[in-house]
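Before we start, here is the structure in question, set down as C-alpha cells.
The letters A, B, C, D, E and F name the chains in turn, as written, and every chain counts its residues from 1.
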Amino acid sequence: MDKGKLLIESLPYIKKFKGKTFVVKFGGSMFQNEILKDLFIKDVALLSLVGINVVLVHGGGKDINYYLKKMNMEEKFIDGYRVTDDPSMDIVEMVLSGKVNKDICSRIVNEGIKAIGISGRDNGLIIGDRMNGPYGNVGEIKIVNTKVIEDLLDMDYIPVVSPVAEDESGNALNINGDTAASNIASALNAEKLILVTDVDGLYKDYKDKDSLISYIDSKLLKKLVDEEKLSGAIKPKAMSAVEAVEDGVKNVHIINGNEAHSIILEVFLENGFGTMVGRNENE
Amino acid sequence: MDKGKLLIESLPYIKKFKGKTFVVKFGGSMFQNEILKDLFIKDVALLSLVGINVVLVHGGGKDINYYLKKMNMEEKFIDGYRVTDDPSMDIVEMVLSGKVNKDICSRIVNEGIKAIGISGRDNGLIIGDRMNGPYGNVGEIKIVNTKVIEDLLDMDYIPVVSPVAEDESGNALNINGDTAASNIASALNAEKLILVTDVDGLYKDYKDKDSLISYIDSKLLKKLVDEEKLSGAIKPKAMSAVEAVEDGVKNVHIINGNEAHSIILEVFLENGFGTMVGRNENE
Amino acid sequence: MDKGKLLIESLPYIKKFKGKTFVVKFGGSMFQNEILKDLFIKDVALLSLVGINVVLVHGGGKDINYYLKKMNMEEKFIDGYRVTDDPSMDIVEMVLSGKVNKDICSRIVNEGIKAIGISGRDNGLIIGDRMNGPYGNVGEIKIVNTKVIEDLLDMDYIPVVSPVAEDESGNALNINGDTAASNIASALNAEKLILVTDVDGLYKDYKDKDSLISYIDSKLLKKLVDEEKLSGAIKPKAMSAVEAVEDGVKNVHIINGNEAHSIILEVFLENGFGTMVGRNENE
Amino acid sequence: MDKGKLLIESLPYIKKFKGKTFVVKFGGSMFQNEILKDLFIKDVALLSLVGINVVLVHGGGKDINYYLKKMNMEEKFIDGYRVTDDPSMDIVEMVLSGKVNKDICSRIVNEGIKAIGISGRDNGLIIGDRMNGPYGNVGEIKIVNTKVIEDLLDMDYIPVVSPVAEDESGNALNINGDTAASNIASALNAEKLILVTDVDGLYKDYKDKDSLISYIDSKLLKKLVDEEKLSGAIKPKAMSAVEAVEDGVKNVHIINGNEAHSIILEVFLENGFGTMVGRNENE
Amino acid sequence: MDKGKLLIESLPYIKKFKGKTFVVKFGGSMFQNEILKDLFIKDVALLSLVGINVVLVHGGGKDINYYLKKMNMEEKFIDGYRVTDDPSMDIVEMVLSGKVNKDICSRIVNEGIKAIGISGRDNGLIIGDRMNGPYGNVGEIKIVNTKVIEDLLDMDYIPVVSPVAEDESGNALNINGDTAASNIASALNAEKLILVTDVDGLYKDYKDKDSLISYIDSKLLKKLVDEEKLSGAIKPKAMSAVEAVEDGVKNVHIINGNEAHSIILEVFLENGFGTMVGRNENE
Amino acid sequence: MDKGKLLIESLPYIKKFKGKTFVVKFGGSMFQNEILKDLFIKDVALLSLVGINVVLVHGGGKDINYYLKKMNMEEKFIDGYRVTDDPSMDIVEMVLSGKVNKDICSRIVNEGIKAIGISGRDNGLIIGDRMNGPYGNVGEIKIVNTKVIEDLLDMDYIPVVSPVAEDESGNALNINGDTAASNIASALNAEKLILVTDVDGLYKDYKDKDSLISYIDSKLLKKLVDEEKLSGAIKPKAMSAVEAVEDGVKNVHIINGNEAHSIILEVFLENGFGTMVGRNENE
C-alpha cells in the first residue's frame, strides 16, 4: 500500500512537468560504480517516459586524462582551465564525442528510449571563440543554436550532447560541460537545469555537513559565492546555477549522483534531495 | 532511496503501456469511504498522465436503490436482473447518467485531467435490444460504436461512461455495467479490462482465503465457472473476464478497490495485487 | 419551380453562416407535441449539415416539477428562482443531465448527426457560485471554459448542454438555462444566440398582437425592459438577449418553437419570423 | 411554414451527398436567357456550399459558330462531328478555353464561391488521339488524369473545365463535351453525372410528351438506343449516360436547364425532375 | 571537370532562392524561334525543380494582331494603349486566355512539371477599372487577390497567368502584361520580378551598345526615365521595374529571351546577364 | 551560353532523383588535398539542395593508423580485417565517431546544409556480432534499424554515419565502411549507392587503363569477381556493389573522388564518369 502512496505522491509533479524541458548535466566518470551509472540512466529514461523533454550533457574528464597520459601528453591546468593545444584538442574531442557520448547513448537506447548522441559541432549547435589567455583551444560560448535539439525532441529523441564547440572557421573548441549545459538550458528556456555532482548539494558552511541548503534564491547564492563561502570545487557549479537562473531557467538543482535515484527523488517527491536554486520572487 | 527504487520499478510498465487502452469498470458505491474513492480517482489520473488511454465505466446500484425507494417504487430482481419498468428505467438513467456520471467526471477534472461524462446513448455508443423475459427495459448489447470514445481519447479526454444503452427506436435500456465495460474493451481492442470490486480477486476455493489466484488463463477460468467453484457474487465478473479475453482483450484484472492504490500496484509493480486473467498461449 | 426558388433564397445565408457558431436555447417541454419537437431537431440537423457550428442548451422545468412532486418535494420559488435544497438539487441535476439531455442527444444522432450530451460540470465548462439569498443551490455563473465545446465542435459533434454548473469545490449548482446559453454564446463569440420560446417574439405592447418587433437594437430593448413595457414571462429572455449582444454576440433571435421550422425560416429566409436583437451601429 | 417544410425536405439529400462528387455538364448557349443562366450558376453555388464537390464541364457550340462565321470559315459536320482543321481548332480552343470558360468562372466567383477555369490541356487532364476519319483535329479520349481536379477540389475550388484535350505531342484536340464530362465522372468515381440539356429528359416515345422516363436502368436505356427509340438529338447524351453508369458513376441525370432550378429540384427533392439513369441492381 | 565547376557555381544561388517566389513575365511571340522558346520553358522548369516558386505571366500581342486582322478589325493605339472595343476585347481575351495561355501550360507540363493556366479573372485574381480616356476596355489594376496563386504554389503548380482582368461587374478588361506581372510580384512580396524582353537590358545611353547597365538602384533608374535617357520601347518596362522595387519586390531583372538560357545564367551564375534593379540601401 | 546548356542538361536527372535516397560512401583520407575534399562536400550539398535525400557514410583508416601508432599499438591485419582488441577498438571508435565524423558534419553545416553526425550505435542503427575468427572486435552486420536515418531525413538533415556498430550487449564493433554503406542502402531501398574511391572505376582488365567499364550488370560483375579479373583493392568494393544491387538498391556507382566533381558529373550529366552497376533486366 505504501508503494502506491509513493507512486501517487509523484502525480502533481508529473502533471506539472509534462512537456517541459530538463537539461541534465552529469560526469560519466563521477559515478562510483557501474550500478549507480545504470540506475542514473534508468532515472533519465523514466523522466523521458512520463513526458519530460530531457537533454543530457555529459563530461568526461577522467577518460580524457587517461588517453592523454597514454599518449604521453602532459596535462596542464591554468586558472582551472585545461590548457589544450591542437593534439590534445583532438584527444579531448575524440574521447568526448566518440567514446563517452556513444556509450551513454547506447545505454539509453538499451532502456527502450530513443536517443542520438551529438556534439556542439553538429548542425552548429554551439559556436564559440578561443578564450583570451594561454589556454590554447579552450573556448567560450558565443551562440547556442537550439534548432537541432528542438528537432530531436520533437521526434522524441533524447539528445545526448558532448561539450565540444567550434569556432566560426570550423575548428573544435574545448568548453566547460557545466557552462555548456547552463547555456543550452537558457537557450531552450528550460524548466530545470539539473547538475549531477558527487556532493549532496550546497552548504551554507562547507565544513559543516549539517548546513546543506535545501532552497536558495540566485541572488543570495551569488552573494555566497562573492563572499567565498563555498568550497572551491562547487564554486563553478554555483556560478553556472546563478547564470542559468538569471538567463531564464526556472530552477537549477545540484544533486548527488552517487545517491541512488537522487534525480527522481528530487524531481518527483515533495521533500527532494540536494539544493534547488530559484529566482527571488520579490524582485 | 527505496522510494526511488520503487518509482523505477514502474519503468518497464510505463514503457509497455504507453499509448495502450485500459477500460476500468468500478462501482462508485463500492468504496467504503470518500478517502478511498478519492485515492482511486488519483490512481486513474496517474494512469492517464503516464500516457495510458483510460476509459472509465461506472455502476451505481446503491444510488438507484436509494431513489427508487424514495419514490416508493418496488425493487424486484429476477434471475439476477433488475426488473425495470418504464418509470424505474427513467430513475435508473437519471441516477447513472445524471448524477453518478457527472460526480465522477467532476472529480477527475479536479485532478487536472480532461474528462467528459457520456452514456451509452451519446452518439449511439451502445445499441441494444430488450432481453427476452419478464425483465422490462433490461437490455442486451448488440453493437458498440467506439467512434465517440476514440474521438474523445484522441483529444486527451478520459471518457466516463454510464451503462445505459438504447434500442434502435431510441428507447433507453438498462444494461449490466461489467458487460458494458467488457464489450467496450473488446470493441476497442483494449490492452486491459480492469474490474474494480470489493474482494481481493478470484479464489480457487472461495471459502479458503489463502487460495487467491494471481494468474489464470481464460480457459481454466471458464472451467472453474462451469464447475461452480466460484462464489455467486464473483461469477458474473468472472464470465465478463472470460468473454473479454476471448474477444481480444489482452488481460483482465479483478482487484479490490478498497485496498488503497490497488490499481496502481497491479499495473505498475512486478508483484501485483488481485487476479489477472489472460489467454492460454498454448492454444 | 417555386420550391427551387425557395431553396436558392437560402444561398446567401448559408454562405454567410458557414463556419459560424449558433448557440440555440430551447425548453424541451415547451413543444406542444412530439411532432413539433421532431421538426425542431430536424431543423437543428439542417443547420449543422450546411456547416454551422451548433451548440444546443436545453431546459427541463416541467420534467423537474414532475419528479419533485413524485418524491413529495415542495416546489418553492422566491424572486423567480427555484429554491433548491440539496435533495432537490440532486433531482434537478438527474433530470436535466441524465434524462432530458440524453433524450435530445439520442434524437439528434437518429438524424445522422454526431452529438454528445454534456453538462456544465463536464471538463469544468461552467464554474459558478451560490447566489446570495435564500435560494439554496441556485448558482450564478463566474467562468465559462469553452475548451470542451470547441473540442467537440472541432470533431463535428453538436454539444448538447444541460444547465448545471458546479462551484469550485465540485458541488452541483442549479443555473438558469437562458443565462447559461447567453454566457456560452458570449464566451464563444457566437454569431447568433437563438432563444426558442412559446411566443412569436417581442411586442412593443404585449397586449397588442400586431405590435411584434421584427428588429430592435440592444439599447432600445434595454430601455423597453427598464420601462416595464414587456410582459413578465419574456423579460428575463429580453435581458439575456441584451447581455449577450453587449458581450459580443452578433445577433440574438427570439422565436416561437411551436411554429414549425421557425428557426430555419428565421435563419435562412429574407423575411424571418420572430424578433432579432442587434447592436446599435451608431454608437 | 411550407417554406420550412420544403427546406427540411432537402435534409436527407444534403446528408447523403455531403463530400460526394457531382460532374455537371451544360451548354452555356443552351439557356434561353441570362436570368436562367444566372439561376443555374446560383444552383451550382448552392450544391457547392452544402458540401458537394462540383466539377463543371461546359460546351460552347453557338459561340464557336459565331466566330467561325465572322472569320469566314466554313462550318462542316461529318457523322455529327465538326470537321476541325488547324485554323478552326484555334478558334474552337480560344472560344471554349478563353471566352466561355472564363465567363462562367467569373460568374461563380461572383456568387462568393472559389473557382478556377481550366481546359483539358491544363496539367495533362485529358490526353487524346485524333479520331480516324476525315474529321481533322477531332479527338477521342485516351487518358483522364484527375490529379489536377482532385487538387482543386481539395482546396475547395470548383474546377470549370473546357472540353479541349491534347495529343501526346501537345496539339490541341476538339472533343465532345458530353463525352469529356462522362469520362471525367468515371475517372473520379463520381456519385452523379448531371447532363443539363434543353429537353425535360428521356421519353419512352419521343413523340409522346407524356412518356417522360423518371428512372431507367442503363441496360434498358442501352436497349432503347439500340432499338432507335430515342430522338436523334438526345441519342449521344443517352449513350454518354450508359457509358458513365457502366464505368462506375452511380447515377446520371438528364434535366432541362430551361426549367428554373431543375438541378436543385432533381438533387434535393423527393420527386425530382428529368430522367435518372442507374445501374440494374439485379445483375 | 569544368562542367562540375559550373554546376557547383550555382550552389549558393539555389540555397538562397529555395522557397522564394519569382514572377517571370515574357512575351510568347518574342522568341525568334521555337527552339529558343523551348529552351526558355526548360529554364523555367529548372527554376521550379530546384525549389523556387515560379509564377509565369505572359503576353501575346502578335497573336492578338493576327486574329484582329483576320476578322477585319482595325488595330488602333492611343498613348501606347490598344484601343479595345467590346468585339476586340473578346478577341484579346480568347487569344490570351484560350490559346497562348494553354500552349505555354502544355509545354511546361510536357517537361514533367505541374502547371495550371489561369487568367486574372479566375477566382477574382485581378480586379480593375476601365481607364479614363478613349481606350475602351483597357483597364488599370485596383486589387490583386493572390489567394489563388498561393493555393496553386502550395500544391506545387506553376501558375501561368494571362493578363486579363475584370471589373466589379464581371466584364473582362485588357491590362498591360508587365504591369500585371509587377503588381502580382508586389502583392506576393516576391524575391524577383524577371522581365524577359528582346534586348540585353538597360543601357545608360541606348545608342551606345557598350553602355549596358549591370546593376542600378530604383531611384537612379527613375531618374534615367525622368530624364528621357531610355529608348521608348524599354521605358514602360523600366517603370514597371521601378514600381515593383518600390512596392517591395527585392530585385527586378531585365534580360534578353533570345539569348539562350539567359534567365538561368542571370539567376544562378555570379556574373549574370542583363540588368538588375534593386533598392538603394542607403535610403 | 554553354553554361546554361550545361545547367539544363541536368534537368531530367534532377526531376528523376528528386525525393530519392542516395547513400554515399567515401574515405575522408582518400582525397589528395583539402581542396578536393571541399569540392566533394559542396557536391554533396548540391545533391541535397536539389531534393535528393543524401546519407553519408565515411571511413577513416588513415586517421586510425595515425593514432594507433601514436599510442604504440601494433597494426595487425588478418584476411584483410584489422585485428581489433579492446584498446584499439576504443581508438577506432574515438577516431571515427569523435573526430572524422564531426569534422565532416561541420564542413557540411558550413555549406548551409543541416547535418547531424551519428554512429551505428546511435538509436541502435547497426546491430552486429563479432565475426568468427581471430579478429577481436571486428563485427558483421545483423540488423540495420533505419528509423533514426529516416527521422533525420524527414527533418531535412544529412545523416553522417561513422561505421561503428554494437552487439546486443552494447559493446562497440569495428565494421567495414563499404559493407555498412551497402547494408544501409539496401535497408533504405536506396536509388543509388555511390562508392567514392581513388580509382576511376572498374576495369575489364585492370592492367589496361583503356578498359574502364561504364556500365555492368551485377551478374556479370559477380562473374568478373569470381574469375579474379579485378585488382585486389577494388574487389571488396565490387562485392559490396553486387550485394547492394541484389538486395534492392537500383544502381551502384564506383567513382574517383580525386577527379573534381566526379559525383555531380556522374549523377547529373548524360555521359557520366566511373562505373555504374545495375540489375540485369533480362532475368
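Here is the rule we go by: contacts are C-beta pairs under 8 Å (C-beta built on N, C-alpha and C of every residue); 3 or more make two chains touch, one makes a residue touch a chain.
None of the values given here were measured: they were computed from a predicted structure.
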Least hop count linking chain D to chain E through chains in contact
1
Common contacts of chain E and chain F, by label, are none
Determine the set of chains touching chain A that also touch chain E.
F
In terms of mean CA position, the chain most removed from chain D is A
Same or different: at the chain B/chain C interface, is the fraction of residue numbers used by both copies above or below half?
same
The chain whose C-alpha centroid lies farthest from that of chain E is chain B
Hey, how far is the Cα centre of chain A from the one of chain C, in Å?
57
Indicate the whole-number Å distance between the mean C-alpha point of chain A and the mean C-alpha point of chain B.
45
Please compute the C-alpha centroid of chain A, do the same for chain F, then give the distance between them in whole Å.
35
For chain B, jot down the residues that touch at least 2 other chains.
none
Seen from chain D, its contact residues with chain E in the complex are 67, 70-71, 90, 93-99, 101-103, 105-107, 109-110, 114-119, 121-124, 148, 151, 154-155, 157, 164, 166, 170, 172
Chain D residues within the chain C interface of the complex:
1, 3-8, 10-11, 14-15, 18, 39, 42-43, 45-46, 49-51, 111-112, 259-262, 264-265, 268-269
